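In the two complexes below, subunit A is the common chain; its partner is subunit B in one and subunit C in the other.
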Partner chain A sequence: MKKKNMTRWAMIIPATVVLAFVLLYPIGNTIWLSFRREHLLRPTMNAFVGFQNYSYILQSSDFLQSLKVTAYFTGVSVFIEFVIGLFTAILLNQDFKMKAFLRVLVVLPWAIPTVANGVMWQWIFDTNYGALNGLLSQLGLISEYVNWLGTPFGALNSVIIADIWKNCWFFTIVLLGALQAIPKNYYEAAYVDGAGFWKKLFKVTLPLLKPAIAISLVLRISEAFKAFDIIYIMTKGGPANGTQVLSYYVYHTAFESLRMGRGAAISTVVTALILIIAIIFTNVLMREEVDLSA
Partner chain B sequence: MHKKAKRIWLYVAGIIICIVILAPIYWMFVSAISPKVELLSTPPHWFPENPTIENFKKLITGGSGTSGEIPNFAKALLNSTGIALIAGFISLVLATFAGYALAKQFKRFKKAYLNLIVTLRMFPEVALALSLYLIITKLGLMNTWWGLIIVYTSFILPYSIWMMYGYFLTIPNELDEVSKIDGASTIKSFFKIDLPLVLPGLSTTFIFTFLMCWDEFFYGLILTSDMRAKTITVAVSEFTTRHLIDYSMMMAGGLVATIPPLIIAAIFQKYIIQGMTSGAVKG
Partner chain C sequence: MKKLNVLFLVSLLVLFALTGFSKETIKVISSDDFAAFRREVIPEFEKLYPDIEVELTSVGYNQLYQKEVTSLIANPKAYDVIDVDCIWTPEFVTLGLLEQIDDRLTPEMKEEIIPSVMTILQYGGKTYGLPMFDDVLFFYYNEKMLEEAGLSEPPTTYDEFVSFSKTIMDKGLAKYGSVWGWAQAEGLICYYTQLIGAFGGKFFDENGYPAFNSGGGLEALKWMVDSIYEYGVVDPSSITSDDRALLHGVANGDVPFGFDWSFAWTIFNDPEQSTQVGNIKVGLCPTGKDGIVSNTSSGSMGFAITKQSEHKDAAWKFISFLASKEMQKQQAIDYGAMPVVESLYSDPEILELHPEFGPMLSQLSYVTDRPSLVSYNEVSRILQIYIQRALTKDMEPKEALDAAAKEIVDLLKEYGEIN
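For the complex of A and B:
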């Protein structure tokens, strides 16, 4: 009995030590840094400043702007991704010849690195030689070329399109997996009742998919909320800070302006927001239906 | 009649999905093999007239392009592959033992442990990046493979533990009971009974962590400044920081970064779908 106890500890301790070193310690250290003035190039000025960093960022208009941009980016892209994902999952759950091919196809955008996806769309949206302007003007839909990434709002929506193209298939794959687990007779009952597509969707499909929807939404929302790569590649936060999401704001503050303390305070606030969103979502959507450790 | 109409709509929707997915990839490919004259023309050359592999040659040999130094893509590919393989392997070994212990050996504090792991997975990279940057600098591991391997472990290890825990859980407890009655030690029944049964799980987890590392950009950006450890995503990103962007080179670079994961995804499609659904449905 004693020997068994020793073995299980020997199995779990190495991973736990590594987790503590690469996750717990950095998180603790970031929180500690957030109460200090830390400038990378002026170490003599470093000092404990209490809540000064927090009061600074909560009053700064840059932070509020970033928060708004992040909320819009997350809300719009995840919502559209979810809707597209849901309907394509239903489509791929039908019996028709293309379905095997499509099921391979939807994995591909997901596999493309975010950075490669970013450069691809930056080129598509290019004002002078981009494919989008070329196509729209050949179709006669626009008379002169549009500078898609040139205005703050336009750039934000363009980045969202690039994000949707890559990530909506995540919902397709996850929801398709859940759809396949629904017994066929659930639908037969609805069919006998004469339920149409929408009624079946809202009365049968969605309630049964609820756990899968909840978890995939939480995962995607927390991913989108910390998006950095696509912004760095496509817009560098511009124009006029129009696409400066919170992660980019942290990067700018900590690694471009070298204000580590202030950057740490923003990261701590971002982390708190993500955790709050995750907790709300898990509680509202999942309730007792899914046991996390089951 | 109704059935037939439905059938047509299914195919229409299917074809739309094909176009939406394939058109941008096709355009990246065409742009990468088009000579500059064709690329910078109005209206666009949708089909290349004089395809060329000049861009790819330049990427592999490095040197200077029309808009500045071209990063050495051969080295970047090597860095990304090596870092992803080593980090993935270390995580997998640690996670296999930890996942087994959590699934089979611990009762009480396993729920707390797993909740902690799920929570840690949600932490944004930026919250860790500042501290990890300071740690890696202090250890003198800037611009090294090991610096990135350590840092990458922070996001693939929780994921790997979670996945392996799930796979060990699918093994019926009766099997472990039987070997216990036979007098086998924990470690012996782990290697003889449990480990062989989770081999598919090991591959799924490894493929996933490889792709996660390959896709990683933010840590690579702040922890590397020269070609000793610069990853493929950082190399591609450098095209975007130039004053004048050379789009054909940028597309060639993007394509080089895309091809390995695309091939892996196409070959191991079943594993990937399984990993995504089990990771999401359970995690």
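For the complex of A and C:
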């Protein structure tokens, strides 16, 4: 018995050591850094400062602005992505001729690297040479070219559109997988009881998709909450910091201003926020048993 | 016999190792802009010094500062030679990243290199590197469009700049009068420096406190905002373009006016990148105030040797090779870069191939430098954001500059740069 135990431990140890190095140490070090003033360019000023970094952040208008931008970006993009993803998943779950081809097609945008996607949309939105202005003016919808990325709010919405185009298919793929696991006879029974499309959606499909929805939402929300690459490529946080999401704020503080302590404090706050959101979502959506009697 | 064989093999190995190691490798980091030229001449340098090997890395200008600082702080020996923009010198010297080179300067260098360009790598009376080109923002105008609009001369004041733009736009020759690089990046501060000097303002007063939020500094920003919304002569996409992106507008003939660095000339006259070959001329940047002839912003860069480098002699050979008269001449001819060697400005071969150097040279007498501060990078970032707030009409110009001034004072106080 004892020998068996030893073997178990021996087998776990290598993975634990690796994880300790690549996960526990960086996380612990980040939290430790967040209590220090650690300025790469002013090493003489480095010191332990307790909660000073945190109190600075919470009072800073930049942080509040970034939090708002991030919340808007996450809320709007994930919600629209979810709705598009759900309905395309339902559509692709039907029997029709092009089904297999379309299923492959939806994976394509999702498989494009974010950087390539960002550059592509940057050109689509370009004021003078962009495809969007070209299309809209040829259709006669606009008389003058619009500078889509030129206002803080316009740029934010443009980045959201680029993000939706790429990421809504994630929901399609996950939800389509879950839809295929729902037995057909549930729908037949609902049909016999006289349920229409919407009733079937709300009474059968959605309740049975709950676990898949919860997992995909948590994954996408936490991903959108820390979005960085698409912002870096398309707007660099501008104009006038209108698209400076929290991750970009961390990047700017830690790697452009080289204030490591403050940067670590912001990323700790961001991590805590994502953790809270994830806990709420998994609890609300996954706790209840699925009940089809209602 | 066997023993002898082994001995022979071992000595052969040692010999190989020695010859391998005797070749010194210097690591150089450069901005993308002139990396092509530098890469091109490395074989020539290596032929001259067969025992030195050059390893050149290049990144875009906007990533350069961060790449250099983080690499050198993590590993002080990461590079032997780094590309330094004039605004970084005070900070890099204070951080102890650069090797002082006063003792290495030869009498010819002291005589040949233009003194005002040499200052970009000087701090506290000491020299820390050699300039590689002498660059400012030049005023490029489309002569053909001006003629078609019935205008004989380029504008000399910003009022004329606006009215000429309107004339050209009214005749349907161009969509806008000009496009600028006012995106949230260092280029924005260069353009603001050009205008602040033209409107007679300055960044800081004698005591080191911000002075840009009144007088010429405020007028410059007001003009920027008005030129977009009030006069409608500046392409609004200027808010999201940088000094690389605006080249398209001028090269395509979409706008008659643009301000950019010397390398723009080569692009405007390259048939593969431009439809306006031969039409673009260089004029003096306009002025915004009586008594000021013209003003532009400097943007020269140079190579410096890192303090912890183990190959300082080899590194010096490389940078003095690039600053030599021959290389400066080749760089001017092939890439249109303004040379740092004074005598080259009267070189007949260069002048024949680059007729624009004449008017460019006259611009060099009207230059304002960006502020020289140890914490320049953070100060610049604050200014960029607030100027953008005004440009996107999120704030009034006065309100934005006041807010920027307040944040900059807090920052400079934190670092003890002012009391």
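Rule of thumb we're sticking to: the second predicted complex is superposed on the first by the 278 of 294 C-alpha atoms of A that agree within 3 Å, B and C clash if a C-alpha of one lies under 4 Å from a C-alpha of the other, contacts with A are read in each partner's own complex, and residues count from 1 in each chain.
Criterion: a contact is a pair of C-beta atoms (placed from the backbone, for glycine too) under 8 Å apart; a residue touches a chain by one contact, two chains touch by 3 or more.
Keep in mind that what you see is a predicted model, and the values were worked out from it rather than measured.
K.L.:
Now for A:Val245: first (subunit B), second (subunit C), both, or neither, which partner does it touch?
P.N.:
neither
K.L.:
Just checking: does A:Thr268 make contact with subunit B only, subunit C only, both, or neither of them? Give me first, second, both or neither.
P.N.:
first
K.L.:
Tell me which partner A:Thr88 touches in the superposition: subunit B (first), subunit C (second), both or neither.
P.N.:
first
K.L.:
In the overlaid three-chain picture, which partner chain does A:Tyr129 touch, first (subunit B) or second (subunit C), both, or neither?
P.N.:
In the superposition, A:Tyr129 contacts both subunit B and subunit C.
K.L.:
May I ask you to decide whether A:Ala224 touches subunit B, subunit C, both, or neither, giving the answer as first, second, both or neither?
P.N.:
Once the two structures are laid over each other on A, A:Ala224 reaches no partner at all.
K.L.:
One more residue to check, A:Phe255. First (subunit B), second (subunit C), both or neither?
P.N.:
both
K.L.:
According to the contact criterion defined above, which of subunit B and subunit C contacts more residues of subunit A?
P.N.:
B
K.L.:
Pick one for A:Met120: touches subunit B only (first), subunit C only (second), both, or neither.
P.N.:
first
K.L.:
After superposition on the shared chain, which partner residues are touched by A:Arg42: those of subunit B (first), subunit C (second), both, or neither?
P.N.:
second
K.L.:
Just to be sure I read the superposition right, which of the two partners does A:Val18 touch: subunit B = first, subunit C = second, or both, or neither?
P.N.:
first
K.L.:
What residues on subunit A does subunit C touch that subunit B touches too?
P.N.:
Residues common to the subunit A contacts of subunit C and of subunit B are 126, 128-129, 236, 255, listed in rising order.
K.L.:
Any idea which subunit A residues touch subunit C in the complex?
P.N.:
Going through subunit A, the ones touching subunit C are 40-42, 126-129, 147, 149-152, 155, 235-242, 252, 255-258.
K.L.:
Quick one: in the complex, what on subunit A touches subunit B?
P.N.:
That would be residues 3-4, 7-8, 11-12, 14-16, 18-19, 22-27, 29-30, 33, 88, 91, 94, 96, 98-99, 102-116, 118-124, 126, 128-129, 131, 134-135, 137-138, 165, 170, 173-174, 177-178, 211-212, 215-216, 219, 222, 225-226, 228-229, 232-234, 236, 246-247, 250-251, 254-255, 260, 263-264, 266-268, 270-271, 274-275, 278, 292-294 of subunit A.
K.L.:
Using the touch definition from the top, list the residues of subunit B that touch subunit A in their complex.
P.N.:
7, 10-11, 13-15, 17-18, 20-22, 24-25, 27-28, 31, 39-44, 94-95, 97-98, 100-102, 105-106, 110-111, 114-115, 117-120, 122-135, 150-151, 153-154, 157-158, 161, 185-187, 190, 211, 214-215, 217-218, 221-222, 232-233, 236-237, 239-240, 247, 250-251, 253-255, 257-258, 261-262, 264-266, 269, 272-273, 276-277, 280-283
K.L.:
Give every residue of subunit C touching subunit A within the complex, in rising order.
P.N.:
So the residues of subunit C in touch with subunit A come to 66, 69-70, 73, 91, 95, 175, 183-185, 235-237, 239-240, 248-249, 254, 375, 377-378, 381, 385, 388-389, 391-392, 394, 415.
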